[in-house]
Structures are given as structure tokens and as C-alpha cells.
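I've put the structures underneath this note.
Two complexes, one shared chain (subunit A), two partners (subunit B, subunit C).
Entry: the complex of A and B
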């Protein structure tokens, strides 16, 4: 049996545990199983999976559900000033937080996800979903209090947990969503977040992936932007056994504006893969992305950034930068920007660099008494400092500096 | 304090210093002058321990201890300070953060308690003032976007804060206008003390109008070919380096 076939068999086995459940998610799970039956898991021959192998999933993560009860206490979770919501191994808490202007509800087949299950991973996610969450921000609501979702996937043996969150911002609303992944053990988190940002609405989004090194994480983030909407997405992550983030943003209507700032670190033997696609499907939209990556030891980081400018999307301004720092000649960074432009009237720029630590800078710091290790750490933090400084939430910036700094 | 004995050193496999000897005692100011390519910068870099600068033979002793096996940071902690000819820019690492890290290490090596944040900031501001550097520079990245003169003054500012036992200035005067030169000289002069040695490596006699050395050495072909008092610098200025060609070599 090939890896692809073996993963399919395991995923279907995992899905059977949910098959007998008769609740509002049943039809969604059925659709997920259909997708699993029909869509093969990718292998290295698939262009988008060329640099990321799924071999680590062979230990059976897909076949079993994670069900260790969390020992997480709120004291372990950094306080970023928002209302906290902890989702443990895919299960929602008994009570949902209360935030003015925001309506929470559990996902049901009556309000299915905006997108279909187009990949085996979203199929698996649907087929093994325990709970799903809808977040609805009312028209015109300027929500001051952030929502801080903490996803905890925990397991002692290889297993998985699916999470799915749908967020809708109605017209003219403003909302801050902090998604914080903080699992431990050989747990696979299958995470799907789908966000719809209505006309002239504004979303500030944080995606912090601080799961421990032995975890696995495969996620899809889908953002739909309507007329004049604004999205700021800050994505900070460290590599683990397997980390793959697929991000797709659709600029559906004119005037939408997107900013992404991201940092990824792959130290030791960890892996991190970001596959980002911006669909400029409408005129006069702007996207501005900066991704900074650092890889050390035998770590591997992959960045694939695609900008797709559709035929009618005149007046598009799309910028993409990916700068990388290699700390060892055994580390690997694969960076691939892709521009696909079907319109003449656009401003589009991309740049990728991969460099090493500057020996002049290192000597300068050392010649003033700073030891080599600390000097490297200072230069590593210096490399990503502009992105940390750009984080609007100071508590997150402070946390990020320490958390990223301890791996530099 | 510093004893360099018959030093042969190479850069990228090429021998640059060919039997250099120099003794600097505490309280003395030495000027090392020489034409381009004479080995001035190689000497500074060998003393500070830069990678790629290799001692082939001879000794470099600082306070009686050989420095050859000491890492650059160990030399700094022992009290050696090199003001760079071309200070590097380090975006993302603020000057203040850098000064804090540096001072902490150097104080620790000296067995002193680290400065608290308020005292550190006050001292850093005072040092900036001494070299006419705007305090805003403390918040900026190390040397990031600084002009040539600002970079050199930033070196002197750090030297004032770190109070080294031995200060090496590698062509700190090069490229400075007369106002900036005076500021740099004032900073260096304020550091003259009976327990501190200062070595000025320079191409131009002009610096020595403002910092009067006790000894002047002429470096050519990787060796010191003539030593004398401050009047030697004036003689050099008058007659040019050509005057000494073939001298003692």
C-alpha cells in the first residue's frame, strides 16, 4: 500500500468513530467522508506538496481521536487582554464567552461552512468534527474586546482532533480574533478557520502556533473579503513534527485591503510549511505580505506564496516579501513566490532572499563583550524585530519576543 | 599592559605583519601611523580577535596573558576595546539593547553589579551628550542609517560607557570633518588616565593636533620602522611617508 492509500484508509477508519453520531453535524460529516473517498492524499508529485512529506502521519494519527482531558489551566495561558475560549481536542467548552456585538453558536448543517470540502484534509476535518463554532459579528459593531481562542490538542499516543471555526463580520463591523494553538504530545490538530469579512468591515487576526515540538498541525485558513474590507493578519509560528498552513484569501469586491505579517522558525529537526494564495478577483484591491523565516540545525521551512491577479482586477497593488535566515548549512529553506497576472494595469512586486548570519555583525557584538550565543540570538531577534514591532497588541508582542527569542 | 613581540600575522593566507613589536604601558598614548596597506588595520583586527586574522608566530600579551586563544568577547571582557574603522549596521538591534547586553557582560567580568535600567539610561544619555549624538540614536538600530561621522561618534560613545583598560582606535579620524574630529578627540582625551592605555591607528597627522601622543610609531611593510615622540608625526607630515622608505626595513 502506498502512503497515499494508507493515509486514506486510516482517515476513513478515524471517521467511522463519528459515523454513528446523530446530531446537527451528521450531514457535514457525510460530506467529509465523501471527500475522503474521492480526493487522494497528496504526495511529493503534487506541486503544492513538493517539499513537505506526509510520512510522519503514518504513525496512525488520522485513525484515532485525541481524548486526553486537558490539564491546561488558565494560568498557563498568556493573557492578551481578550475573552478566552478554550477548545480542547476539538470539544467546545460548556459555556461560550459573552462579548457585546458578537453572537456565538455551534456549527450545524443548517449553517454549513462557506466553502466546500475541496481537499482530503478538509474532508477529514469535516468527517471527524466533534464541535464547530460560529462567530457572528453584528452589522456596525465596533467590538473592543478581542476573542482569544486557545486550541489545545493533547494526546499521549498518535491521534488527531479537528477544529472548525467560521467567522462572519457583517458590514461596517470591527473585530479582533486571536487564534492560539497550544497543544502537546503526538497530537495532530486539523484546523479550519473560515472568515467572511463584509463590506467596509475590519478584522485584526492573530494566529499564534506555539504547540510543542512533538505535535503535528495541518490547517486551512480561508478569508473572503468584500468591498472595502480590511484584514490585518499576524501569523507567528514555530516548526514541529509537521506543520502545514494553507492560507487562501479571496478579494471578491473592489477596494479590499489585506496585510499579512508572518514569522516562522524551524529549529532542530522541525518542519514548517506555509502555502499562501491571494486571489485578486476584483479591481482596486491591495495586498501587502511580509514573511520572515529562520531555519537552524536540520530544520526545514517551506514558503510558497502565490498571487493570482484575475483578468478584471485592474488597479491591483500586490506586494510580497519573503526574507529568510539560515543558521546552519544543514538547515533547509525552500521559498517559491509565484505571480500569475492576467491584467496589465497592476502594481505587483515580490522578493525572496535567503541569507546567513552576517559575520561582521557577529564580530561587532562579540568585540563588545557579548558572547557568541547571545550575539546570535540578538541578531536573530533583530532579523524579525520589525514584524514583532508591527504587532498592534503589546501583550502579544512582548510574549512573542520571549517565545520566539527562546528558540534563537 | 600590552606587549606585542615579533608578531607575524596573516589574512587569508597572506602574511601582512612581519615581525611587529610594540609595548604600551598604562597611562600612555601611542600613535601608529603608516601608509595604506602597511598593516595598520591588520594589527587592530589581530588584537581584537577577528576571524580570519591568524597569528603565525610571535606573542601578543595583554596584562601578561597571551590573547591568541581568547575569543573576541573574552578580550572585550578583559578590557580591550576596538573602535572600528567601518562600524557595521545592525538593523533590528537597538543601540540601547546592545549597550545593555555589552555593559552587563563587561560589568560581570569585572565583578560589578549590573546597572539598573534608570542608571544605564542616564549614563548612556550623558555619553551621547559628550559626543554630540542625539539621544534618539539610542533607540535606533545599531549604526542603522547613521552617517559616517555619527558611526564614529557612536564608537566613542560606547568606549566612554565601557571604560576599557586598553582602547584601540582604528582610523577613527578618517572621513571626519574638523568639528566631528574635535568631538572625537575630546572624547578620547577625557579617557586619558594613568591606568589606561590608548593606541591610535591613523593615516593622518591631523588627529594628533587634538590628541597629543606620548609615542609615535611608523608602520610600513608590516613592521614598525621608526619610533619617536610626538615630533615624529610632524616630521612625517612635512616629509611624507616616502621619507622613511628603505629606512630600517
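Entry: the complex of A and C
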């Protein structure tokens, strides 16, 4: 049996445990199972998975459900000043937080995710979903308090946990969402977040992926932007056994504006793969992305950034920058920025660099008595500091500097 | 081979005993089989080892499937509808004079300023023997011989220099490298062979155009250029004038070997029939071009691609030796319904290797123009350096310009830069030109020429002038 066949069998086995459950999510799970049966798992020949192998999933993560109850207390979670909500191994807490202007509800068959399950991983996510969460920000609500969701995926043996969050921002609203992943053990987190940003609404989005090194993470983030909406997304992550983030943003109506700032570190033997696609489907939208990556030891960092300008999307301004530091000749960085443009009235560009720390700068620091380790850390922080400084939330910026600094 | 593949092969093979060869016939009936390959080899009077090599390639080809990753769309090609051998037309079949040639073609020649007798040659008019015997080609041949340069057709080389061919053919592009390279290896019709001896600087630009038996290389062209230690050669392929050509599928292979300290410059102008404005007809051009650089060697590819309905072409350099250099300069222009998926691969294996990629894509009409490139730094390529710049220019709102770069680094001392931009001819620039009395079409062509300047300056002088004119002609009717 090939790897892809065996993964499919394991995923279907994992889904079986949920088949008998009769609750509001049944029809969603059935759809997920259908997708799993019909869509093949990617292999090395699949263009979008060229640099990421699924071999690490062969220990059976997909077949088993993560069950260990979290011992994580809210005291361990850094306080970013928002209302906290902990989702443990895919299970929602008994009570949901209260924020003015925000309505929480559990996902049910009445309001299943609007999008279909288009990949085997989103199929798997749907088929093994315990709970799902709906977040609805009311029209015109300017929500001051941030929502800080902590996803904890924990297990002692290879297993998986699925989470799914749908966020809807109605017109003219403003909202801050902090998605924070913190798990331990050989647990695979299968995470799907789908966000709809209504006309003239503003979303500030943080995605902090700080699970421990032995975890696995496969996620899909889908953002739909309507007229004149603004999205600022800050994504900070360290590599683990297998980290794969698929991000897709649709500019559906004119005037939408997107900013993404991201840092990814792949040290030791970790792996991180970001696959980002911006669909400019409407005129006069702007997108601006900066991704900075560092790979050291036997780490592997992959970046694939696609900008797709649809035929009618005139007046588009889309920019993408991917800068990388490679610290060892056993490490690897693969970068693939792509432009697909079907309109002439656009301003589009991308730039990629891969290099090393400047030996003159290192020498300068060494000559002033800074030891080699410390000097490298300083230069490493200097490399990503530009992005950390751009974080609007100071508590997160401070936390991120320490947390990322540990791995430099 | 797996059982299934063997079975497939058996099913596909034809009834061999029923195969009859008419010695008189010049063109082989369409279809591909082992017998066809034997026939081609036999026609060329090839030694057994060459035939074995072809058959090996054919066996590999049968197990392969045509690639589908490129950003091009075309109906599946039926390889059994292609005729794999046609001898050069006899004088009797050729058009007698320019009066019999498509006037559209002649107009283009005139615009490009091509002398009359050259027009005849390009259009395939039966050139009379007198002209031929005093042709420039013959004079050049003598001069080359003096320098010790071997420049002949590959069929000739198989007979005269078998040890060189045996050693180098397939050494850069192996038989099973890709689908079209395998097909070419099995059925290649002819092509050029060049050998530059140690330390020799080739006294002139070599061009396919000067080779005396260049009557018709056919659709499966194979070129092999070997530059021995410290030698230097510049090779021109193609011609700025459109070639009259009735073959729809072209699958060529070009192999370059640059021994230590050698320098090869390979320039191409491709201007085959691109099909009409509705995408009817036109050449499908699937080319594999690759060079190997040993220590301190340099290979430079320059291409101007304006023709063909489909261009699928990635001239590559394997930087095997330390301090070797690879360069790629490209202008690709597509219009009407043309599709181009072209770019390069730079594989850095040696220390201190350098590569430069400059790619300019221009799309007009309803065409699709894609750059696809790979830069790979291996773990032992210390201090490797790459600079890539891909610019696209869009003329019109129905065309597409795409960039698919693959950048892979495994050495921390390497420095890689990649940059891509997309723009259109700005109204401000046009306004400035119009204001000074330059008509729109002329203005656009000036701007496009400026956009391509970086690449044109890499072309040999006379070629650069012609390439500029060629763009002008190609852009006609694309504006306004």
C-alpha cells in the first residue's frame, strides 16, 4: 500500500468513531467522509505538496482521536488582554465567554461552513469534528475586547484533534481575533478557520503557533473580503514535526485591503510550510505581504506565495516579499512566489531573497565582546524585529520577542 | 520494466513481418514503432550502436506520459499521426520562384530588410547551384577547418567522429530525461555538431544558417556542442525571418558541454509560425536545452522567442565545476492566441558558482506568457550566487502574464535574489511620445524595445538590430 492509500485508510478509520454520533454536526461529518473517500491524499508529485512529505503522518495520527484532558490552566497562558476561550482536543468549554457585540454559538447543521470540503484534510477535519464554533460580530459593532482562542491539542500517543471556527464580521464592524495554538505530545491539530469580513468591516487577526516541537499541525485559513473591508493578519510560527498552513484570501468586492506579516522559524529538525494564495477577483483591491523565514540545523522552511489576478481585477496593487536566512548547510529553504496575472492594469511584484547573517556585522559584535551565540541571536532578532514592531498589540509583541528569541 | 508496461508495449507493437520499405518513398507513413526507428537509422546508414541508443530511448519513451504541469493548453497530440521521416524535398517539388510564395511572408521579409537571395533560401525556393557554390557558407567552412573547429551535421559526425558522439550524446540530456527529449532521442532527424579544440577561440560566430547542408533539419533536431578546455564559441540558432515550415510538432534537444575554462554563448531567435489570430495552426515547440559547466567554464543562453503557437522551453545550466557561471537572457513575446511557458534552470553544484537570470515577457492579444524557473543550491555549493529578474509587460486586458519561480537553497553561504514585476505601457510614457509627434504604434514599439534592452545587448550585434526589428513587426496590430 502506498503512503497516500494508507493515509486515506487511517483517516477513514479515524472518522468511523464519529459515524454513529447523532447530533447537529452529523450531516457535516457525512460530507467530510464523502470528501475523504473521493479526494486522494497528496504525494510528492502534487505540485502544492512538492516540498512537504506526509511520511510523518504514517504513525497513525489520523486513525486515533486525541483524548488526554488538558492540565493547562489559564495561568500558563500569557495574558494578551482579551477574553480567553480554551478549546481542548477539539472540545469546546462548558461556558463561552461574553463579549459585547459578539454572538457565540456552536456549529450545527443549520449553519454549516458555507464552503465545501475541497481537500482531504478539510474532509478529515469535518468527519472527525467534535465541536465547532460560530462567532458573529454584529453590524456596526466596534468590539474593543479581543477574543483570545487557545487551541490545545495534547496526546501521549499519535492522535489527532479537529477544530473548526467560523467567524462572520457584519458590515461596519471591527474585531480582533487571536488564534493561539499551544499543544504538546505527538498530537496532530487539524485546524480550519473560515472568516467572512463584511463591507467596510475591519479584522485584526493574530495567528500564534507555539505548539511544542513534537506536535503536528495542518491548517486551512480561508478569508473572504467584501467591499472596502480591511484585514491585518499577523502570523508567527515555529516549525514542529510537520507544520503546514494553507491560507487563501478572496478579494470578492472592490476596495478590499489586506496586510499579512509573518515570521516562520524552522530550527533543529522541524518543518514549516506556508502555502498562501491571494485571489484578486475584484477591481481596486490591495494586498501587501511580508514573510520572513529562518531555517537552521536540519530544519526545512517552505514558502509558496501565489497572487492570482482575475481578468476583471483592474487597479489591483499586490506586493509580496519573502526574505529568508539560512543558517546551516544541512537546513533547507524552498521558496516559490508565483504571479498569475490576467489583467494589464495592475501593479504587481514579488521579491525573494535567501542569504546568511552578515559576517561583518557578526565580527563587529564579536569585537565588542559579545559571544558568538549571543551575537547570532541579536542579528536574528534584528532580522525579524521589523515585523514584531508592526504588531499593534504590545503584550503580544513582547511575548513574541521572547518566544521567538528562544529559538535564535 | 513492469509487466503492465511490457504488455502495453506488446499490444502497441505492429506486425513486424508486414512492414514493407519502399526505397523510393521520401516520406514515411505516419506512426511510430520500432520499425520506424530502424528505418530512420537505416536511411542515414547509421552504425549499430546509434540504432541501439535510439531503440533504448524509444523503450523509455513508451513508459512515459506527456507532462501536464506547464501553463499551456492544447489538445492531446497523437504521436501516431506524425510522420517521423521525410527526406529533403527534391528540387522539383520546391517553389520555382518567389512568385509562388505566400505574399504575407514576403512582406515580412521586406520589413526585416532581408536580401533577395536570402529570401529565396528562407522560403525554400530551389536555389540554383551557381549561387550555392559561391555562397558565404563554403568560404566559412575553409576558415573553420584551419582553426581545427569541427562544424558539421550530427549525421555526418556519427560517421566521422563516432568516439566523440558516443561519449557525449545523452551525457547532458539523458534519453529518458523527459517525454519530449526521449521522443527526440528515438527519432531525431538531424542537427548540428560542433567541437572546439583546446584553447581555440572560434574565429567567427557559428550559425546553423551557414551550414551548407542546412536544407532541412526536420522537426526533431538534435544539437551537440563541445567546447574543450579554454576554448570559446558563440553559436547562433535560428533566424529572425519566419521560416516556411509545415511540421506542426517540434521536439528539439540541445546539449552543451563546457570543459574547464571554456566559454559557450548560445543565442536563439525563434520565429516559427504562431498560428492565426484565432489560434488555428501554428507550431508546437517542445524543446530541451541544457549545458554542463566544468571548472571556471561559462555558458550563456540568450533567446528571443516570438513565434510558435506553443513554446515549452527551459534552457538550463548545470554548474558542476567550481567558479563556473551560468547566464540566461530571454525575451518572450506572445500575441493573438500564443502560449509560452519558458524559463531556465540553474543547478549550482560547485563552489563559487554564479548565475544570472534576466527574463522579459511581453504579452498581447489573448496570449498567455509564463516564466518558469528553478534555482537550486546544493549543500556543497559554497558561496553560490544567483540574481533573478523577471519582468512582464502586458499589452491589452485579455492576455496573461505569469511567474512561477522555484528557489531552493541548501547552503547558508549562498546568496539568492529573485525579483518579479508586472506592468503595462503607461499612459504617461505614451503621452510623452505622442506629444513629440511619434505615432502610437511606433511609441509602443520604442517602449517595448527599451524594456528588452538588457537582453538585446547580450545578442551578437547584427542579431540585436534584427531582433529589435522583429519585435516591431510582431507587435504590429497589437496596439490600439
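Rule of thumb we're sticking to: the second predicted complex is superposed on the first by the 408 of 408 C-alpha atoms of A that agree within 3 Å, B and C clash if a C-alpha of one lies under 4 Å from a C-alpha of the other, contacts with A are read in each partner's own complex, and residues count from 1 in each chain.
Note that contacts are C-beta pairs under 8 Å (C-beta built on N, C-alpha and C of every residue); 3 or more make two chains touch, one makes a residue touch a chain.
Bear in mind the structure is a predicted one, so any value in this text is a computation, not a measurement.
For the composite obtained by overlaying on subunit A, subunit B and subunit C can both be accommodated side by side without a clash. Rounded in steps of 10, the angle subunit B-subunit A-subunit C defined by Cα centres in the superposition reads 80°.
In the superposition on chain A, A:371 makes contact with subunit B only, while subunit C stays out of contact range. In the superposed model, A:58 makes contact with neither subunit B nor subunit C. Look at A:358: by the touch rule set out above, it reaches subunit B but stays clear of subunit C.
Contact with neither subunit B nor subunit C is seen for A:298 once the two complexes are overlaid on the shared chain. Residue contacts after overlaying the shared chain place A:379 against subunit B, while subunit C stays out of touching range. Once both complexes are placed on a shared chain A, the shortest Cα to Cα gap between subunit B and subunit C comes to 15 Å. Taken together, the two complexes place no residue of subunit A in contact with both subunit B and subunit C. Note for the complex: subunit B touches subunit A at residues 48-51, 71-73, 75-77, 81-82, 84, 87-88, 90-93, 97-98, 101-102, 105-106, 109, 141-142, 158, 162. Residues of subunit A that touch subunit B in their complex: 358-361, 363-372, 374-375, 378-379, 381-386. Interface residues of subunit C, counted against subunit A in their complex, comprise 69, 377, 379-380, 392, 394-424.
Residues of subunit A touching subunit C in their complex: 47, 311, 314, 324, 326-356.
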